[in-house]
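These notes open a run of structures that come right after.
Same chain, two partners: subunit A is paired with subunit B first, then with subunit C.
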Partner chain A sequence: MFGQSNVLAQGEVNFPPSVEDFYLPSIAPWGAHNNYWFTKITLMVWLAVGILILFFLLTYRKPQLVPTKKQWLAESIYGFVRNNIAVDMIGHQGVRFAPYFTTLFCFVLLTNFFAIVPFFQISPNSHIAFPALLAAISYVLFNYVGIKQHGFVKYFKNALVPPAPWYILPLLIPIEAFSTFLVRPFSLAVRLFANMFAGHMLLLVFTLGGFAMLNANALLAPVSVVSWLMTIALTFLEFLVIVLQAYVFTVLTASYVQGALAEEH
Partner chain B sequence: MAGDQKPPNAGGPGDVPPGAGQGWTALSYLIAGMLVWGFIGWLVDRWLETGGVATGIGIVLGMAGGIVLVVRRLGTPQ
Partner chain C sequence: MFLLAAEGGETTHNPILPLWQEIVVGGIAFIVLCFVLMKFVFPRMEQTFQARVDAIEGGIKRAEAAQAEANQLLEQYRAQLAEARTDAAKIRDDARADAEGIRQDILAKAREEADRVIQAGKDQLAAERATIVRELRAEVGTIAVDLASKIVGESLADEARRKGTVDRFLSSLESTGAR
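Let's look at the complex of A and B:
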């Protein structure tokens, strides 16, 4: 929001965009440079939380047998996550995880979606703190569920000792430990973060690039227009990425929970 | 509507994770194998000053281990 208006006002562009562009000015106190407790990112996260709470409270407040349009929407989202993610991945036990998965899916979807909403135009998930926290929750969840299901020793035995002859176990156990307990949370966080970061960067490059070329030489105006058309096309691509990443995050969390619940192989 | 429902997934806890999860699991085994044993090899290199030989051996061993894990964990039907 601030970046774009600056571009138009000053007539000069700081191109190419950098990581600086992801750090937005403080909102309260307005424009402060040493106080970043409340920025646009903070606002968007609270907004997402508020919208989701209100949406599900209002749509489920007086459930009808023949659902209203809003109730139908909420039920479809919940039904999709419950049947196509939770039950599909985990089985009948998955139903008890469906509320969390739905919350996770909706939260990631909505915070991602801010990336292409006019005037928001950046996703909180393009800061790694938010995906990292979500990944940490998933990490605690699947370990907790596994330990509760099997007990501490059996859970780690299941997770670390693959079905293989004893003489290659020393080779395999470090790989299992690394891939299950370190790579999983890391890749979960980084996948979402990198996708949203790259998406925002891509849109910035094409938008600001158009202005940069226009400022450099008026003859380049047609190329600028092409660049802005690319921005529009990329916005649709971005929408695809937004939905896909929300889905992937939820599916992977479900898959980890499934792995933790599974009996030994 | 009734026609296009999938057959109910019995979903015993022993089921192999479908689609996406399996793919990511396989990928993470292959990469983790190289990283872990490559790192151990690198440490051995530092210790014995073998100039990269142990790192190479570690990476190859890790690749083999990753492949064995994919076959063992995901390849064999239960």
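Let's look at the complex of A and C:
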């Protein structure tokens, strides 16, 4: 909201967009550039948390056996994550994790969704801090669950030693350790972050590109229109990415938990 | 990891390095979200689901009980019906047997009555015949005697009466007639 209006108000187009377009000036104190406590990004995170809490508390204030429409909606969200992610991936034990997975899914979905909501138009998840935080929680969760289930030694033995001939183990164990304990959290965080970052960057390129061409030469106006139409089309693509990434993040977390709970490889 | 690329304000940000302030804010916000939803919302949803399952299963159980009861009643009615049919058949058989007995009785009585009536008729006929014979015998005797007296003479009458000649004659006539 502030970034683009600043750009437009100044009448000059900052093209091509850069990483700095992701770091907007702080809201309080107003306009500060090195204060990150209260920015548009953190405001959106609080907003997402507030909306989700209000939605679920209001729709589930008086639950009934025969649900009302709103109650049905809230139950559908939980039921979707519970049955189609938690139980499908983990089995009946997955019900234990369904509340966390649903919270995670809703949070990622809504914060992602800000990327295409007018006047918000950037997702907090395009700042790696939030995906990294969620990935770290998933990392702690699946390791904790595994250790609790199998005990420390057996869990690491399960995780690190695949059923393979002994002479290949010196090769496999480092690969397993690397992929399970280093790549997993990193890829989880970077996948979400990069998708939202790239999505915002794409929308910026086509939106600002339209202005840039218009400013450069009035004859390029038709091309600007094409550029803006592309922005609209990409917004639909972005919507797909938003939902897909929220789903993927939750499914991968569930899959890691399932792997930690599984008896053997 | 928590190093900042942008501590210096306008200097360039590195998008791959997280801002620690955002981690703190995001962490607090997410923990608040998790706390509220996982404590107050989703467990209640789980309870509602369970209650719904119970309600449905309870309904099924009740339906099964009702079905079993209905089956039992049906069985009972069938048994009663079969019993009633047997009773009815028995009553019908008895009635038929009774009717047959009564018919036989009536027939026997009727036959007896008929026999009796016939016998009475016969007896009466025999009695009347005997009477007639007796009367005729006396009359015929008298007439014959009278006739003979007229022919032979009056004195013969006393003698005939004395000796029973007429009676003997008539008896011999009777015995030849009967033969």
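Quick note on the criterion: the second predicted complex is superposed on the first by the 261 of 265 C-alpha atoms of A that agree within 3 Å, B and C clash if a C-alpha of one lies under 4 Å from a C-alpha of the other, contacts with A are read in each partner's own complex, and residues count from 1 in each chain.
Simple rule for what comes next: contacts are C-beta pairs under 8 Å (C-beta built on N, C-alpha and C of every residue); 3 or more make two chains touch, one makes a residue touch a chain.
Keep in mind it's a predicted model, so treat the numbers as computed, not measured.
Enquirer: Quick check on the superposed pair: does A:F152 touch subunit B, subunit C, both, or neither? Answer first, second, both or neither.
Expert: The answer is neither, since A:F152 touches no partner chain.
Enquirer: Is A:Y144 in contact with subunit B, with subunit C, with both, or with neither (first, second, both, neither)?
Expert: A:Y144 contacts neither subunit B nor subunit C.
Enquirer: Just subunit B (first), just subunit C (second), both, or neither: which does A:L261 touch?
Expert: First partner only.
Enquirer: Is the number of subunit A residues in contact higher for subunit B or for subunit C?
Expert: C
Enquirer: Which partner chains sit in contact with A:S187 here, subunit B, subunit C, both or neither? Use first/second/both/neither.
Expert: In the superposition, A:S187 contacts subunit B only.
Enquirer: Can you list the subunit B residues touching subunit A in their complex?
Expert: 9-15, 17-18, 20-22, 24-25, 28-29, 31-33, 35-37, 40, 61-62, 64-66, 68-69, 72-73, 76, 78
Enquirer: Tell me, which parts of subunit A touch subunit B in their complex?
Expert: The contact residues of subunit A facing subunit B are 87-94, 162-164, 168, 171-172, 174-176, 178-179, 183-184, 187, 248, 251-252, 254-256, 258-259, 261-263, 265.
Enquirer: Applying the document's contact rule, which stretches of subunit C touch subunit A when the two form their complex?
Expert: Touch list, subunit C to subunit A: 1, 6-10, 12-23, 25-27, 29-30, 32-34, 36-38, 40-49, 51-52, 55.
Enquirer: Quick check on the complex: what are the subunit A residues that touch subunit C?
Expert: 19-20, 22-23, 33-34, 36-37, 41-42, 45-46, 48-49, 52-53, 56-57, 60, 63-65, 67, 74-75, 78-79, 95, 98-100, 102-103, 106-107, 124, 127-130, 132-134, 137, 190, 193, 197
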